[in-house]
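Two complexes, one shared chain (subunit A), two partners (subunit B, subunit C).
Moving on to the complex of A and B:
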């Protein structure tokens, strides 16, 4: 059983735990960036209905959406070394951090793919035709006209997804990664003040999420400045 | 200059263009009239392969494409011979007015940025938007957006500009400003193909008028011939109906 509740410990715990925020953010940054690449590629495979790969992407996305991330994490952690051993690559000694990044990148990739796909379809096709009419080819019209607008449309959902992902990183400790949560677990083992540790973690996660939301909102306002409909300026 | 041979196009086994033959000379202004669903838009879009014809030959400038064998590269170079002004403007929503006009110059004409900017500023001046460079399309009226669309097309200095009902999405009081810009550029000897329902504009601006119905060109001639002495019964019926609608709406407007 834990010891009597002592709120003053929170003040001690927060700095100790925040020291490991860097690991959490590292997992997040790497998995979001990789997830973007996977997501855009998967969205393109879906939109252009590339045979075989399209079906593969559908399966991948539905699997990620249909299984808990904790299980995905264990599947990657135990499964990936087992698969790679078949081709004589031994990664059993690889840092657990990489397994976490791979898992979260795959998970983010699936979610981003669906968000991007919806956003790309939401860009008025007339603009693609206009791009063709001024002589652009497929990739010019996609990358110069459609994608920038799709990213703007996708942004609020991507932002939500990133915040969700930030919170999900708190599962990384289950395979032995020493992030904030992992450090929290060792603190509990050492002090038996579980409630204080979890309260400290809640404060830190909450503060980081609020900060992210603030940054995302500022960025969103900036990229959407062209959509401020102001018809009063006709003249 | 523009040459169409036996253009055919079907949508879901429904023939929409049933063998269109057409020649348009340099500097000619041709308007296409016809009832709704007669294939006017489809014909215009076949000229730049936004719609790929099932059969026939399309030539614009010195680029000739055989529809059945058209390659991506051929379609691209065909498209670079023309520019299009769309019914719903289709401006690039994330780019400013100036950037909309510059875009084609930079991407397809490989202009330097400063050059493209100078060129685009002149064109915006010409369509009366010299003071709107940094506006986004959503901040403009329909008439202003369509004038940006026209400047964007002019910037490419194309062999031909294709207009698909450039004023039909506009509020009536904004139609005039767009039509007068089109009339002004018609005077400069730019080749234009215009689909329109604005009869008096067509009368005034055209060198030649085509009347289309059910996927064929029923009749063509000078504005005088088509409007004052149509030979075909279908043309007569269409013009009667239009002028009746026109006088009804005219009377309604007077009554209000």
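Moving on to the complex of A and C:
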């Protein structure tokens, strides 16, 4: 086993672990994209107050915001096969990765729905009226005028949500997914150097989060480039 | 595999016994984090030399890494550190006699401090400078102006954010089950694996967390109404 704590191992572990960063990013990308679709659909159902579905979306958002992601992960992992068995589809042998993606997509969807709804409501109604006055129809005024402005308002929150989601993916190993954490666990089992493994993981996560923050900030500056100074205090 | 509805109730009764540990793992870190967060926020606002740099790194690191990392790093790191120190100074403290929950509480407190400091900072910045000037004009010093005028307003305005953090940490405490703490998720896991009824147990646990969240949101709404009663807007 050697020394109890060997700092040089931290550097040695990073290449092995970073190889699995792809899986983490794959979970993140798939769940964010699916979450966007769910989020936009849910936000539209809420904004136009479609009966029954509106109440269903409220319940869905409340549930996702009211339970830990870990519980959601277990519920999807054990619940989805049980539900699908009723219609004779057996997915109990499906790769755990897909359960993780489904869970995080549902979770992201609920958060995005609230963010989109808030952002669309935050756009001044005068904008829609102005769009009508120059002869645009409903969908033109929504897609050309309201939505671009709503995206600008929503972007910082979406970015936060994505970074939060990236950190949440570190829990996927609890249902046996081989992402960075999962590989870390096997490294610990093989080398018994738990502290060094977690330090390397922390370094990788931190670096990725910093990189994401940088990219998001650049993009945010870009979409805010037409704004006058008084709107964005921090800009 | 069918769902045993009755077992959800059995599991519910079993899991709710672990509620105190979940609440301890939520409330104690937030109380510690409240003090750390306030100190860090003030250091960063007043740009105290050197400490400001440390505070920036602390907040950035703890907000930039998953909380499970903090728990694991402290869970594996502190025992090593404690054993080294105790060997050097002959203190006779052994790390394996320290209950694991203390490591979890330390880790969660440090993360809570980082998250809360950002909330304090935004709360304090949102109070207009005129309030500070008005306090000076009636003869208060900086400390009085801060504690009597600025902080009460900053905290009252931050109540929705505090609620979010509370709910976030209520949910985060579920991670403690990974280091074999018997809080609600841990209890659900035990009930699930002894009875081989995973879905039912986690449904029960989910319902308890959901209920707690709804209660927390309701309470926060009432407190916010009371705390921001001074702020009636420009008219009236």
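Heads up, the rule we're going with is that the second predicted complex is superposed on the first by the 225 of 235 C-alpha atoms of A that agree within 3 Å, B and C clash if a C-alpha of one lies under 4 Å from a C-alpha of the other, contacts with A are read in each partner's own complex, and residues count from 1 in each chain.
Here, a residue touches a chain if its C-beta (ideal position, glycine included) is under 8 Å from a C-beta of that chain, and two chains touch if they have at least 3 such contacts.
As the structure is a computational prediction, the values presented were derived from the model and not from experiment.
The superposition on subunit A brings subunit B alongside subunit C with room for both. Of the two partner chains placed by the overlay, only subunit C lies in contact with A:4; subunit B stays clear of it.
Subunit A has more of its residues touched by C than by the other of subunit B and subunit C.
Of the two partner chains placed by superposition, only subunit C is touched by A:75; subunit B is not. Shared-chain residue A:145: touches subunit B; no touch with subunit C. Using the contact criterion defined above for the overlaid structures, shared-chain residue A:90 touches neither subunit B nor subunit C, since it reaches no partner. Closest CA pair between subunit B and subunit C after superposition: 21 Å apart.
When both complexes are aligned on chain A by C-alpha atoms, no subunit A residue touches subunit B in the first and subunit C in the second.
Across the complex, subunit A is touched by residues 1-3, 60-61, 64-69, 72-73, 76-77, 80, 167, 170-172, 174-175, 177-178, 185, 188, 198-199, 202-203, 205-206, 209-214 of subunit C. Against subunit A, in their complex, subunit B makes its touches with residues 48, 50, 72, 76, 79-80, 82-84, 86, 88, 90-94, 96, 103-104, 107-109, 135-141, 144, 152-153, 156.
Of all residues in subunit A, those touching subunit B in their complex are 124, 126-127, 129-137, 140, 144-145, 148-149, 152, 225-231, 233-234.
Against subunit C, the residues of subunit A that register as touching in their complex are 4-5, 62-63, 65-72, 74-75, 78-79, 81-82, 85, 167-168, 170-171, 174, 181, 194-195, 198-199, 201-202, 205-206, 209-210, 213.
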